[in-house]
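What follows is a set of structures for review.
You will see chain A twice below: alongside chain B first, and alongside chain C after that.
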Partner chain A sequence: MKTVLVIGGGVTGLKAASELAGMGYNVSLVEKEDYLGGQVVKHKYYKLAPDLRPAGDVIDPVIKAVESNSNIKVHKHSRVVAVSGNAPEFKAKIKNSKGESEETFGAIVVATGFEHFDPIVKQEYGYGRFKDVVTNSEVEEMLNPNGPTKGELKRPSDGKVPKKIAIFQCVGSRDKQVGNPYCCRVGCVVSTKQAIEIKEKCPDSEVYVYYMDMRMFGRGWEELYGKAMEDYEVIFTRGRGAEVTLKNQQLSLRAEETVMNRPIQHSVDMIILAAGIAAGDGTIDAAKVLGIKQNDYGFLAPKDDFLSPNESSKAGIYIAGADKGPLDIENCIVEGAAVAAKVASNLKN
Partner chain B sequence: MAENTDKMVIDGVELTGIWKEFLPSRILYEDVTTEFLDEVKKLPGGATIAKCYQCGTCTGGCTLPDFVDKFNPRRFIDLVRRGHYDILVNENKDLVWKCVSCQRCTHRCPRGVNTQEVVRAIAKFLEDRKVFGKLTNDEAFDEVFMGEVIEDGRIDEVKIVKDFYSKTGRLKDMMRADQLSLGFKMLTSGRIKLFGGKIKDWKKVSQRLKEELQ
Partner chain C sequence: MSEETKNPITEKIESTKGGHFYKEIMKDFRIKESLHGCLNCGTCVANCPAAAFYDYSPREVCQMIIEGDEETIEEYMKGKIWNCAQCYSCKYRCPKENSAADIVMAMREIAVREGLAAEALAGYTRIAKLVLTRGNQLAPDMLSPDAFPDWGPRMIELSSKKMEMREELFEGFPGMNVVDRAWAAEDYTIYEMQKIWEESGALEKVGTVFPFLVDIVQEDMEDKAEEMEAKIQEKKEKLEASKK
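Up next, the complex of A and B:
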């Protein structure tokens, strides 16, 4: 059977689909939204770390490769509602607003990705209560010339350009209170990148990053961190943001400067929460429909983390990308290609 | 020639020797130990101390520093874990008692440390080592308060104030005009009573409590 179902039209799903189509497979790509590109397009990611290259440079060719390939059938605004059968013959029901259709597939690739953590549950940070407390994905939309502010950095309450900006790291990651004790793996570098972008846009602004550890393990990340400190004078303070209050009509944050052993109060114009990564609705839905194993945090669990990282607990169903856990775009593309190779070699035998 | 010996001649002056000896490194703490950590861990409420990852959420949101500026739960935990007993005693022994148990730190801790209980356990750890010398006000009040609860089963405000002042040797202070007028105001407004009531058959409970606390 030379047909493959790919669930999820984000970076990973797109890459997997185009690779499989390139190897001669007929691919059906199912995406729940009416656009391709996943979170990158949804939140209008502007530039990518560490090279500050436009996200469009990366995502547009990946989308184009799928749209221009006649072996790929794209189902937008669709969901996979039921799957029956076993490897190598699955029957999947794909539902959209017009109705349902049933197709037969040799393998299923799940690339349902992640969703940004919603910081409203961290009530001490005042997200939702104070307009000028925003998330990192909202800042990304702000910095993008195609975004709501046309690329201008304006604080939401009065439209003024913020002079003092604080960034809180690890919001909804490494936090047992919200049930996410894992690291989001991208927050550090995204915040560093945004700090640099803000400094480039408004050179007289002050940017303070409140962090616990800066985890710069990716390609060029550590160098970007150095650049932020040396060339852009971003101030990194070791101490987790503790709370945000309003003082004399201005945002006031409290944290401990742990290096100095003292709590500080800091008045700023805008606070950016580096919200972490959570398993998305699509991932949880897919796990339910397909009956594959999840880990403690809702992400999909591979059959063997080391030896078969792209196989799910069920034969013939493959998983890849950020639905297995937090992952950056660079590695999502690697995952998409890896899962395509695995599917192709398994279907051949 | 011995190892680590650098041969150097500058402007005809021979500067040969072990540079390490010319510039001794500054080592302040030689022996770091986890024995205090183990001790605090075993005390009631101290079990979660090892979970801490030193982010400072507790101190950042603490309600006390506005009044007691050096109060720092994260640092207390750090000092115990690193075995810096001398700093804990010299700089922090009078601070650890000041916690008002508002539980903000415990509620917010991202690692599930029961911070308030851990701070109490550290205070107990210091108390067990008798670092306080004479009775502090906090301790004296605790003793008077608990003594009264065990003896009578309830608090008699006038008696507790009198006992507290006499225990800390400040009975004269109690007789100051402002204290007396405050007491009079509270008495006339019904805030306090001159004699607290008795609880029936408390003796038996009191006996039992004393046995338990032995």
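Up next, the complex of A and C:
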């Protein structure tokens, strides 16, 4: 029985590893950080869209399924630094602080995920200059009772609870100026979820979402959007956040209210940037080490988007999850299972 | 549907794309580089100084060209496009890398060519006259708060004192201490400038918008011609002599 190498211990890689182990394969899981769970754990996601279910309900069982399976060897704080050979016999060098080891694998699964777009690039939003302009992943950490503010929503500048909050959609997405014309696919549902969570915590706060389109295509997303408007009185303004300035310690934003055809300035206490999804260094590094194709934005390119979505440009190397492009957790789990099935059937033949 | 039963409200929906002005605009090389679809996101409008003070919108400019309705285009060429300050903020912020600024510039040129600009530019008659007859475009006595709705309180205060300030600043500089122009250029310089306009065809173009200004300039030139031509001749001779 062959051994499979899985690179990346986010939800996708974890699901792939436990499915393969369940089919009787031995798996080595290589994760560069010293924890499993990927972005969900890194940014302490508290509740998941669209059901507002605690993230732990989903990610903990997926991690446990890996850690409790004796067919899976987990290498934390490790990197794959070199790969040689061809399908179905690859030799991979795995490196960590203690040293290097070499193992032989029948197949490789790449599940290296994404990184958040760094909004410092969009200078006009003032991220990095104005303390109360924060990203949506920073808000995830804030809303989590185990996070830095113990679950309280506080302005970073003075620790006060913000009364007026604006959320900017599509930051670093759908934007040729930063080279990312694609849609981040999760920003809309995540902002809607965060708006509801903020309203639940502080019912007399005002939450404004500045958007171009609310892209609510997932299971239960459109219903969540309806709930935000009807039950929580979140205000959705159709116009993209254009600029942020600081006047007398007060944040002021500019946008056009496109439905009313008028430019506006709006004073708020805090601005949340729905930062987009970019191919992370981890994914770019893996593509280099393995010699597999990337698309124009650095994400991993399938051999054929329709017909072989989980195969890379190289035989025996498979790809899955958010390293192929923006994807939500539900679909990452589907991807993890799908790639495991593909690997298993190919190794059998 | 027959002509008589047309609904006056929805009638516009019937496209009139592809008219003469539309075709002229689309021929300009700048359009292809300045319009790549539009998200209707309003980023351009939010950053546009003209949109903040006038009934004007760079987003509308882009949408108008995409829709291509001849009547609307004509209306814009006669009016709204002349509100743009050509600051290019729209271009450097647009997520589709559009440039309403360049579209407007192309449309202005066409509007002048097609004789649509006269009314919109009527308010600039004084400026045009000043440029053509004095060589500079703004005079201190033209700067007043009612002409500049975007001025803040500081600018208004300064403007009320501008005459005294100029007197103090330019004491002993005769060419500068004037209020009906920014500074007084020499007659010879002005004559030379006017000759360039005449010979390059620029004056003729100005004539499509301000026909009477052409007469004023030509009269102005005629008045000075004898003296100035003599001066030119004198300069030429000096130049020749220095070559020998």
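The working rule: the second predicted complex is superposed on the first by the 348 of 349 C-alpha atoms of A that agree within 3 Å, B and C clash if a C-alpha of one lies under 4 Å from a C-alpha of the other, contacts with A are read in each partner's own complex, and residues count from 1 in each chain.
Rule of thumb we're sticking to: a contact is a pair of C-beta atoms (placed from the backbone, for glycine too) under 8 Å apart; a residue touches a chain by one contact, two chains touch by 3 or more.
Not measured: the values here are computed from a predicted model.
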| item | value |
| --- | --- |
| Combined model on chain A where chain B meets chain C, clash or fit | clash |
| Which of chain B and chain C A:K15 touches, first, second, both or neither | neither |
| Which of chain B and chain C A:H43 touches, first, second, both or neither | neither |
| Partner chain in contact with A:R240 - chain B first, chain C second, else both or neither | both |
| Touching partner for A:K314 - first (chain B), second (chain C), both, neither | neither |
| Partner chain(s) touched by A:D175 [first = chain B, second = chain C, both, neither] | both |
| Common interface residues of chain A - those touching chain B in one complex and chain C in the other | 124, 170, 174-177, 212, 239-240, 242-243, 254-258, 261, 263-264 |
| Sites on chain C touched by chain A in the complex | 36, 39-48, 51-52, 57, 59-60, 92-97 |
| Touching residues on chain A, where the partner in the complex is chain B | 124, 170, 174-177, 212, 238-243, 254-258, 261-264 |
| Complex contacts: residues of chain B adjacent to chain A | 53-62, 65, 69, 72, 74-75, 107-112 |
| Partner chain C, residues of chain A touching it in the complex | 124, 170, 174-177, 212, 239-240, 242-243, 254-258, 261, 263-264 |
